[in-house]
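Consider the two complexes below, in which subunit A is the common component and subunit B and subunit C are the respective partners.
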Partner chain A sequence: MISGTLVFGTSIAYIILLFFLAYISDRNARLGKGKLLRSPLVFTLALSVYCTSWTFYGAVGSAARNGLEFFAIYLGPTLVFVGWWFGLRKLIRIGHKQRITSIADFVSSRFGKSERLAILITIMAVVGITPYIALQLKAISTSLRVILTESPNAALPQSGDEVGLAFGVAAAMALFSVMFGTRNINANEQHHGVVAAIAFEAIIKFIALIAVGLFVVFGLGGGFEATYARAQGVGVSLDASSNFGPRWITITILSAAAIICLPRQFQITVVENANENHLRTASWAFPLYLFGISIFTMPIAIMGLSLLPEGADPDMFVLTLPLAYDQQGLALFAFIGGFSSATSMIIIASIALSIMISNHIVVPLALRSPKVFGLEHGQGMTRLLLTSRRVSIGAILFLGFLYFWLTSGSGALAPIGLISFAGVAQFLPAILAALYWRDATVNGALAGLLVGFAFWAYTSFLPSFGTASPVITNLLLYGPWQLEFLRPQALFGLEQLDPLVHSVFWSLLANSMALIFVSFVTRNNAVGQLQAAQFVDVFKQTENSQYSFTRSSAPLNDLLVMTQRVLGTDHANRIFETYSNSDRIKQNKDASPHFIASLEKELAGSIGAASAHVLLGQVVSGDTVTLEEVMQMADETQQILEYSQRLEQTAEELQSTTRQLQTANNQLRQLDQQKDEFLSQVSHEVRTPMTAIRSFSEILLTNQELNGTQKETFINTIHEESMRLTSLLDEILDLNALERNEQLWTNEPINPNLAIARSIQVCTPITEQHQMDVRLGEHIRHVKVEANFDRICQVFINLISNAAKYNDADQPFLEITSEITKAPGKPDQLLIRFTDNGPGISSIHSSIIFDKFWRGARNPDTAQSGSGLGLAISKEILNQMNGSLELELPRIGNTKAGACFAVRLPLHM
Partner chain B sequence: MRAIGSPDILIVEDEPAILTSLEFILQHAGWKTQTVTDGEAAIRAVQVLLPKIMVLDLMLPKKNGFEVLKIIRGQSATKNLPVLILTAKGQQQDKQTAKELGASGFVTKPYANTDVIDAVADLIGTVSKADLSL
Partner chain C sequence: MTSPKQTSDKKTSETRVRKCKFAALLLPILGVLLIIPPLVSMRTTQNAVILGIPANIAYLFGAWLAMIVGAYVLQKLMPNVLTSAIHAKDDESD
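Up next is the complex of A and B:
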């Protein structure tokens, strides 16, 4: 037995310790110190507010009654943190960006800052959480009674003065929560102190449960194996398959939804979160915590069933086992652990709910009738917020007590918790739609929540009062107006299901259907549209992207007065000083829409999005933007964007066209210049023979006395010059055709040696005239090249006659050789060299010898010179045979440096 | 002072056919002629032969007509030698350049024989008058 003094003393000392911790943490946070406070570890520990006295005491009871079912309660959150951390990250990101204060604020903010939605969710949350708070009260009062009772039959439930005890506990908890949660004057800031205290409590309850577990397993059971061996004897099924079923799945889903939707979880995960990255640690550490805290659940249940007398309350095994074996210290520690679990839940839940009530119910009412709420002067709003939160906490705990009182005797802890879980799970469709479905509308969310809530209330909440009133009992048995298909636990003929599965199935199904259907047939208003984008695309937005909802402005003074009312004078002055210092607006008495938008977020952080929106609407003179206008604005912006993109594109196109034109122009100019030069050269080439022809014909015409020989010579000259003129014109046309890449012939396999022989033969007159010896040197005998016989002869003849015309050596010769060349990546070629012992071509000229109309210094004896087009034509011909014509340095060993022309032709394979 | 037996006209032309015809018509008109076929030979010959006038083609091997003109105008003996330019290019630009370099006359190919004879006669006449004035 433990004395009451000791129990109460320890409890009070523990609470004082918590206060001290909270106080220190708050002070450190204000001074910017408490690094630990903002660590992922504290965040993770605070998350374990999920583990309430239901976990601490009730899980063992659940294990004793339903075997492994309790495990599903931990599986859901684990799945969410491990498998859906990105979704949680999105929640947190939005929460930070939009200064979200609660889950009601979140949903309402997403759906156009709807007040109605915020109020609905607040009411649902309060109703949904009431059983849960009752559960904590029940746990604390029962555990108190157990630990204080001297009777050896302590484990037996006695409901005598339990109600009174529970009321006392509720009152103490209300006081406790008020002191904790509403100490801060600045109601909008995060509760560092509370979070620190919760994290501390998480450690206490964990160690306490582990301590009891270790004692039970190793002190009483003789190890895990021996403990589990007793399972069969006490009727606990450890077979997973017998536990696995619709109910198990339902509980997993419910607990997964609860870790997101429970107001207190949302408070810790989103509102109190200091850094999005803490989620990284939490995503593995929190599941680990859950695993640790659940590891002894089953052994304690087994040992309790096997060692304690028949009929002992399994929900209290954690306490009664140490007590039964006279481990009073351990029992006290376990009690403090359970106390921790309950208080942490009550504190956070009541804070979260009170924020919702004050922001979404009290403030909107106060804004409508400021006189009643004393909002007309100065600091009213801050005081109102704190007062309403304190009153709310009291009311919430009183509701919890009321529920406990009405349902007293309905037994176990776990089912009560599950009713709450099913209640808050109704938020899930709306939250998922808020995160991922842009077209979900406010009416859709309202409809879904209302329908889901109604189904839950009818199928889950109402039946839990079954023992309180015969009316409800009748309803459960026969349905309203004797309509059996409307029985709360067998709706529409769905008879065989477990009540929980039945309730969750109908409520979530109806909820989702209503949300989807109504969203399809309704539209969001302007703000809704914009908020939808802010939520769904939160990761696509830059840090600064912010919508200005008002296109109008407001006098700075009015805004300042209003902000002072909500945030307090100091805070408000700070904001406005930063603003007026920041930019050029100094002289301007009106605030910019941008500032109004950021101010709205600041206010939303204190009183919620919907209230902040309404509040600003009173001061901001302009009207709210309609959906059409927003769409029009968006359209215009889009059009302007597209237009400027088109302009940019056009400008670029223009630039590139200009560049192309310039290039083309330069090319044309170059070509024009080349054409001029060519024409001038052609003109010169034509005028020269023409001069001779004209001159000689005039001589012949005017000088009748010329003798026959003279006449003949002159006429011959005229004839030759005419021929020269003709061949010049032919060559010009030929070159023109070659340069235009006209297909003048087809290449075919020919014998190059035959072409060389023919060319030498054709050139005999001119080579003999210049007494030049043409030698055939080393050459490939049996070979074929891809070429045209006549055309290649034209090239060879040109080269041979050039050599003859320009070779002034005493014993002029020309040597023709051939060999096969192999180049990597290229087809094999036949290389034919024409090497002479003439004057050679100076390096100055080597680059221009292939130019049109270039001629070397002629041998004076040459009667007739060429057109100057021969090499240009030859080069073009070889190009079109995929060969080449190049000037080479004469090979070493030649007695005299002459010229060497290299002809390359592709081999016929 | 011109040497006895100096030609009246030094013809500088590289096209054999044109050279032959020029020789024929100018001799036929009664002048003594001497011919060279490139620019460098022309510069040497003009110093030695000191002809009355020079008939100069522009497109020449070794040194072109403009270069020849420039050089002989820079030498005292040939500073005032009348030079008749023959050109097949016939462009205004060439005419201008020739004038600036001190050409005395300009005939475009193909020409009428009489154009050349008249032009030569004109230039030789001025020389004769200058001679008379001595």
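Up next is the complex of A and C:
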């Protein structure tokens, strides 16, 4: 007999210990100490909140009734954790990046921060978890009754006392959870103190169960072999055929889904996770914990069935076996272990659900009508959050109690838990789509969840009230309106299936099909598309790849006031101080879009993504445009920009074409003019000798009395003029060919000095006639240039004869010098200067001397001696030799003013 | 400049990451195969016993333990490519 005082005293002492632990842990976490709190070990132990009183008491009951089935409850989570690299890692990474606060926040955030989706998931979670909470209440109240009455035969019908006891337990648990989970609002919804307490409870329940197991197997059963030998005798089925059917696979799938979809598991795995790397340890340590806690399940069930009187509740074997063999200390310890597993579940589940309720239902309502919720003065958001969470926790536990009461608490523990599992498993298609299917849409997710939830409620949740109401019993037997094919447990004529398999099959199938089909026919909005990329491609993104209100700029003051409302003054001030320390803000009183985006994430960490989006939208609304508008604007701007760019381009092209046309036109006109001038010049040049020839030949024809000498003179003149005409035409042809760049010769290395000597020699008659002295000045002796000997002589002769013809000085002379010039970037050249002391060329004429038919002021003696093409031809010849002919300013000093022609020729290398 | 040794080290580690990722995919798949029929339901006789423990229970615990050992080895071998910048910062502040 264990006295009630002792049991309650121990329980209260245990709770005080937990509080103390949570308090110390919270303080350490705030002070930045407590490395252990953020260790993979604590993370792994906290994960074992999965093992509730269902594991502690119910698994043994399940083993006694259904054989090996309880294994599947733990193998599912094992598979998920062993495959951590592909599922949980992504989930946690997204959770950290998006500041996810709950499973509803996760799904709604992925599907365009949809409020409707968040509300739906919150409601589904609350309904789905209610049986689970009832299960814990039932476990605690039953175990209390068992340990207080010391009656091993605990399969008594429901007594009024037990309902009262369960209510008391629910109230105590509510108080306990409120005090634990809602003492403050944390930035990331991380509750270090609670997690530490849960980790401690994980150790207690593990040791307690192992202790009972050791006592039962070695103290009572005489070892594993002897214990298992009794299995057949007590009717425990261990053979394959009865154990590994559809139900086995269904439970494996459900438990694998539950380890992700249960709000409390999501809370611990994703929200409370401090470091992604903790998953490495948890990937093997958490399955190992499950392994360890399952070792004694079957032996305890066998021994309970074998030793305790028939009719004893198998769910309480863990407690009744020690009691039956007078191990009161062990029984009390076992009770505390069961108490631990129940309380840890209730605390975390109610905290997780209350966060969802406050963030996704209360806050959106408060934002719509702030007056009703006392928010009109810009204060009270923190208070509202805390109050709503406290009320939610109370409501959740009351619902759990209600379920317990209505279902008469008569069912075994495991089936109740499986109803919850099947309920939360409806989140799985949406979560998988969120993680891996970019085209899944918000409407698809809504449809899938609604349809799945409806099927689950009809085929699983509703039948669980079968014992409570004759209406439901009738429904189960004959279907609504006597429609047999709508019977909840044989829907559409699908009979002979286990009710659980039946329910899971229909609900998950309908859920997935609705999700897929509706996603195919609907589209995501802009936020949805952006979020889809953020989720599906989370590993491809850098830290800064986030989008923001494109055009937003909100007054910092407004933002600060709003943030203080949500996060509290201290935290808000810290955020804004950090921001104002970056110097961008100093010129600007408005917050940058980048800051607004990061603030949204910060707020999302407290009140969920959808609410944060709406809340920020209120402050930023002055200049905020919706993302759709921004995208449309961007599209239009882009189009206009492209169009105007094309116009500009066309205009520029037109302008440049016009300019080119103008230039070409000018050139054509010039050429036309030049052609006219040339023609008139040629006509003029040709006309003079032709006139002479005609006149003299007419004289010869008409005057027969001319003497022989006269005739000879006239004929000579005619001959000379024809010769001049011929040479003129030759020169015109030559110049024409040169101007058309027709190379009439090949350049070769020649000695320019030889050419000069030859030219002087050729010009001797004319220089002697004008008594001009031709001097060779300083010149380079051994040098070769690239040129044609005959043609270069032509140039030199032209220059020398010109100098002779136009020099009217008393003592005319011509000086020829040569030197090598070097210019950077150009080949070396030989520069030959022909400098005379003649009249020189006036600056007016210097620009036209190379034109065709230009002649200097003629010496009377040599009238009409040149064609006027000499310099033009010479210039063209030198151009074709890559050289040049220029008129230089005569050097003052050693010669008096005259003309100086500079010939440049490329040196032969 | 990277020396040939560094390059080959890098290559080795890239190969290792690839192999580890493949193993990470293979492990849960093998785990599923181990615990669903036909493998799980091969021992049909009720009385088969391994080390004093009924064969089906021994098999389940064995498969379970194999998965745990596999996960342990995998996370030991898996190069540390997890740590994101956020956590790096967190760890520093510790």
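By definition in this document, the second predicted complex is superposed on the first by the 596 of 909 C-alpha atoms of A that agree within 3 Å, B and C clash if a C-alpha of one lies under 4 Å from a C-alpha of the other, contacts with A are read in each partner's own complex, and residues count from 1 in each chain.
Here is the rule we go by: a contact is a pair of C-beta atoms (placed from the backbone, for glycine too) under 8 Å apart; a residue touches a chain by one contact, two chains touch by 3 or more.
Since we're looking at a predicted model, the values are computed, not measured.
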item: Which of subunit B and subunit C A:G708 touches, first, second, both or neither; value: neither
item: First, second, both or neither for A:S695, with subunit B first and subunit C second; value: first
item: First (subunit B), second (subunit C), both or neither touched by A:H684; value: first
item: First (subunit B), second (subunit C), both or neither touched by A:E721; value: first
item: Subunit C versus subunit B, contacts on subunit A by residue; value: C
item: Which superposed partner A:G825 touches (first subunit B, second subunit C, both, neither); value: neither
item: Set of subunit A residues, in rising order, touched by both subunit B and subunit C; value: none
item: Residues of subunit C defined as touching subunit A within the complex; value: 21, 24-25, 27-28, 31-32, 35-37, 40-47, 49, 52-54, 56-57, 60-61, 64-65, 67-72, 74-75, 78, 80, 82-87, 90-91, 93-94
item: Contact footprint of subunit A on subunit B as seen in their complex; value: 14-18, 20-22, 24-25, 28, 37, 59, 61-62, 88-91, 109-113
item: In the complex, subunit A residues that touch subunit B; value: 680, 683-684, 687-696, 698-699, 702-703, 714, 717, 720-721, 857-858, 860, 863
item: For the subunit A and subunit C complex, residues of the former touching the latter; value: 32, 35, 38, 68, 71-72, 74-75, 78-86, 89, 93, 96-97, 223-225, 228, 231-232, 238-241, 243-244, 248-249, 252, 274-277, 279-281, 283-284, 287-288, 291, 295, 298, 543
